[in-house]
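Presented sequentially are two complexes of chain A, the first with chain B as partner and the second with chain C.
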Partner chain A sequence: MTSGADETRQGHRYVRSMAGWWHRNPVYFWYMVREVTAVGVAVYALVLLAGVVSLALGEASWNRWLAAMRSPASIALHVLLLAGMVCHAWSWFAIMPKTMPMLFVGGKRVAASTITRAGYAAAVAAAALLVALAWWLRP
Partner chain B sequence: MRQIEIQCLRYHPVADQAPRWQTYEVPFTDDMSVLQGLQHIKDQLDGSLTFRWSCRMAICGSCGMMVNGEPKLSCETFLRDLFPGPVRVEALNHFPIVRDLVIDQSDFLRKLESVKPYLIPGKDPEGTFLQTPQQMEQYYQYSKCINCLLCYAACPQYGLDPEFIGPGLMALIHRYNADSRDGGRAGRMELINAEQGVWTCTAVGYCSDVCPKHVDPANAVNQNKVNGAIAWLAGPFRPKASGKP
Partner chain C sequence: MTTLRLRPSRAPLLWLLFGAGGMLAALVGPMLVFITGIAVPLGWPLPADLLSYPRAMSFAQNWVARAFLLAVIALFAWHAAHRIFHVLHDLGWPTGRLAVLACYGTAALVTVVALVALVAVGA
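Now for the complex of A and B:
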């Protein structure tokens, strides 16, 4: 025991601080990225909702919304939100098997990696379908 | 023989105001675990180093500690895989430190008693309890928990709010609730649906990654978010029970 020992501290438990916990481990960092990018998903829903409201308000309003969407700031926001959404989808499907009941096919449990891969495939297929539809309906 | 540097977080409740790092040079062979490295320190270099261990074969769950920032069983973490080091060893995160690498488990043990971790006979207590392989699979992985607490050290929500019942005990609750022979589900639902039950979990998922027995506690917690929500919604429509389940 070192000199200056404080006997009144006998049995004292040391509680470590949680400050900065989310950047102490890459797993926590990517969890926080998943949480933050969920806000980006909500923000983009609001952007689209503004478009629907503009459409309801008439042609002038709709054209103003379209012009706003074509501005450099909007394109920068879209690139940022797209990156966020890719991150979110990747992270979400990785954890999806942990969030759902056990799946059985032909009496055998479906592996977590299969569920994740099916999620990635569905996301890629849905995005490809949307891009194809937009291309086909372009003015 | 190769040498590796092991840095241990030391804490003596009387002598130290706060934990401090202490470094040891440890000779090791390819078959030596981190636990054996610590035992070498205790036997040959510094008898005051304090840590828990028992079986040395990843079944007792005593030797959990943070190794290079990750919750690990030190008996199944090998020094050869951490060479050239240094190896940083500290007490499991999110628990108060009693001394050196020893944590205070009393919070977990208090909660363990509260979850009714045993089979409660259902409608037919004298039944033969036949189960199909699929019925058994619903709970079997959750029955493999060894209470090593690595999942608690992985869970930031437990660190931020120690009232959270935590991943390990949620897996244990699910182990009994998902068992077709058990009739105690309604009695455990209150714990599941409490704010400190499943709803404190935010699906970080790291608890399942660190589990040495592949129990997948995150899956148990998240399945019970659905079960808890259904029980809550169905609550007003259920006839009042005459006694406690």
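Now for the complex of A and C:
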């Protein structure tokens, strides 16, 4: 439109507010939900960090960490963290067709849904592997 | 004649750490949270003494297990740092030096502390 100088002189320069932009549109809302799962990932990294530091400090501190993990507040936190991790995994593979380079097999581009499904399958396989490992290591 | 000085960008490295952490979290995150935060503390469906001190020690003294623990802790931290830093921008919060330090500095600190602790466990 007109030059910015005119508008600023009148003191009416229009700048559209960005406040609350992400909850006006469901696409942006889900974008923000996906981004905020990172807070859960960070919290879990700190929980595990506290665990390995406690382990390094000896048996008494390790048992304190275990006791803290058994507290109702910790269980509730981990239920939330689990929901956040599932949300992260779901969205990670849902957008993977857009974040990875185009994939061609036999001269044809691999469909986005195929990439997403392969990701979900890999996540289920990895989860099964972890359960199998924990089951095999159990006393 | 002016010379153009190009500084290598940190962006590809940060994105690589973000991507690696995001992939690892998507693959093992949910089950790890369930095992360490719900199943073992409740003693169901896994026994509570799966993570008793001698068992946790012998697990963490295995090289593969130790590398896995370090990868999970460090990459989760770098992934989260990168995403949270960009969310700050999306929400219109200042993303200057302080935000860089708070996000990526924390991830670097987490990595160093995890490394020292895991080396100490093995010693």
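For this structure, a couple of remarks:
Please note the rule applied: the second predicted complex is superposed on the first by the 123 of 139 C-alpha atoms of A that agree within 3 Å, B and C clash if a C-alpha of one lies under 4 Å from a C-alpha of the other, contacts with A are read in each partner's own complex, and residues count from 1 in each chain.
The working rule: a residue touches a chain if its C-beta (ideal position, glycine included) is under 8 Å from a C-beta of that chain, and two chains touch if they have at least 3 such contacts.
What you see is a predicted model, and the numbers here were worked out from it, not measured in a lab.
Of the two partners chain B and chain C, more residues of chain A are touched by C. Of the two partner chains placed around the shared chain by superposition, chain B is the only one that A:95 touches, whereas chain C remains out of contact.
Within the superposed three-chain model, A:82 lies in touch with chain C and out of touch with chain B [touch as defined at top]. In the superposition on chain A, A:13 makes contact with chain B only, while chain C stays out of contact range.
When the two structures are aligned on the shared chain, A:22 is found in touch with chain B and with chain C. Within the superposed three-chain model, A:103 lies out of touch with both chain B and chain C [touch as defined at top]. In the superposition on chain A, A:35 makes contact with both chain B and chain C. The intersection of chain A residues touching chain B with those touching chain C, taken from the two complexes, comprises 18, 22, 35, 99. The part of chain A that touches chain B in the complex is made up of residues 1-2, 5-7, 9-16, 18, 21-22, 24-25, 27-28, 31, 35, 95, 97-102, 104, 107, 109. On the side of chain A, the complex with chain C involves touching residues 18-19, 22, 32, 35-36, 38-39, 41-42, 44-49, 51-53, 55-56, 59, 62-63, 66, 69-70, 74-75, 77-79, 81-82, 85-86, 88-89, 92-93, 99, 119, 122-123, 126-127, 130-131, 134-135, 137-139. Interface of chain C with chain A (complex): residues 19, 21-23, 25-42, 46-47, 49-53, 55-57, 59-60, 69, 72-74, 76-77, 79-84, 86-87, 90, 92, 110, 113-114, 116-118, 120-121. For chain B in complex with chain A, the residues that touch the partner chain are 11-16, 18-19, 69-70, 93-94, 96-98, 104, 133-134, 137-138, 154, 156, 159-160, 202-206, 208-209, 216, 218-219, 222-223, 226.
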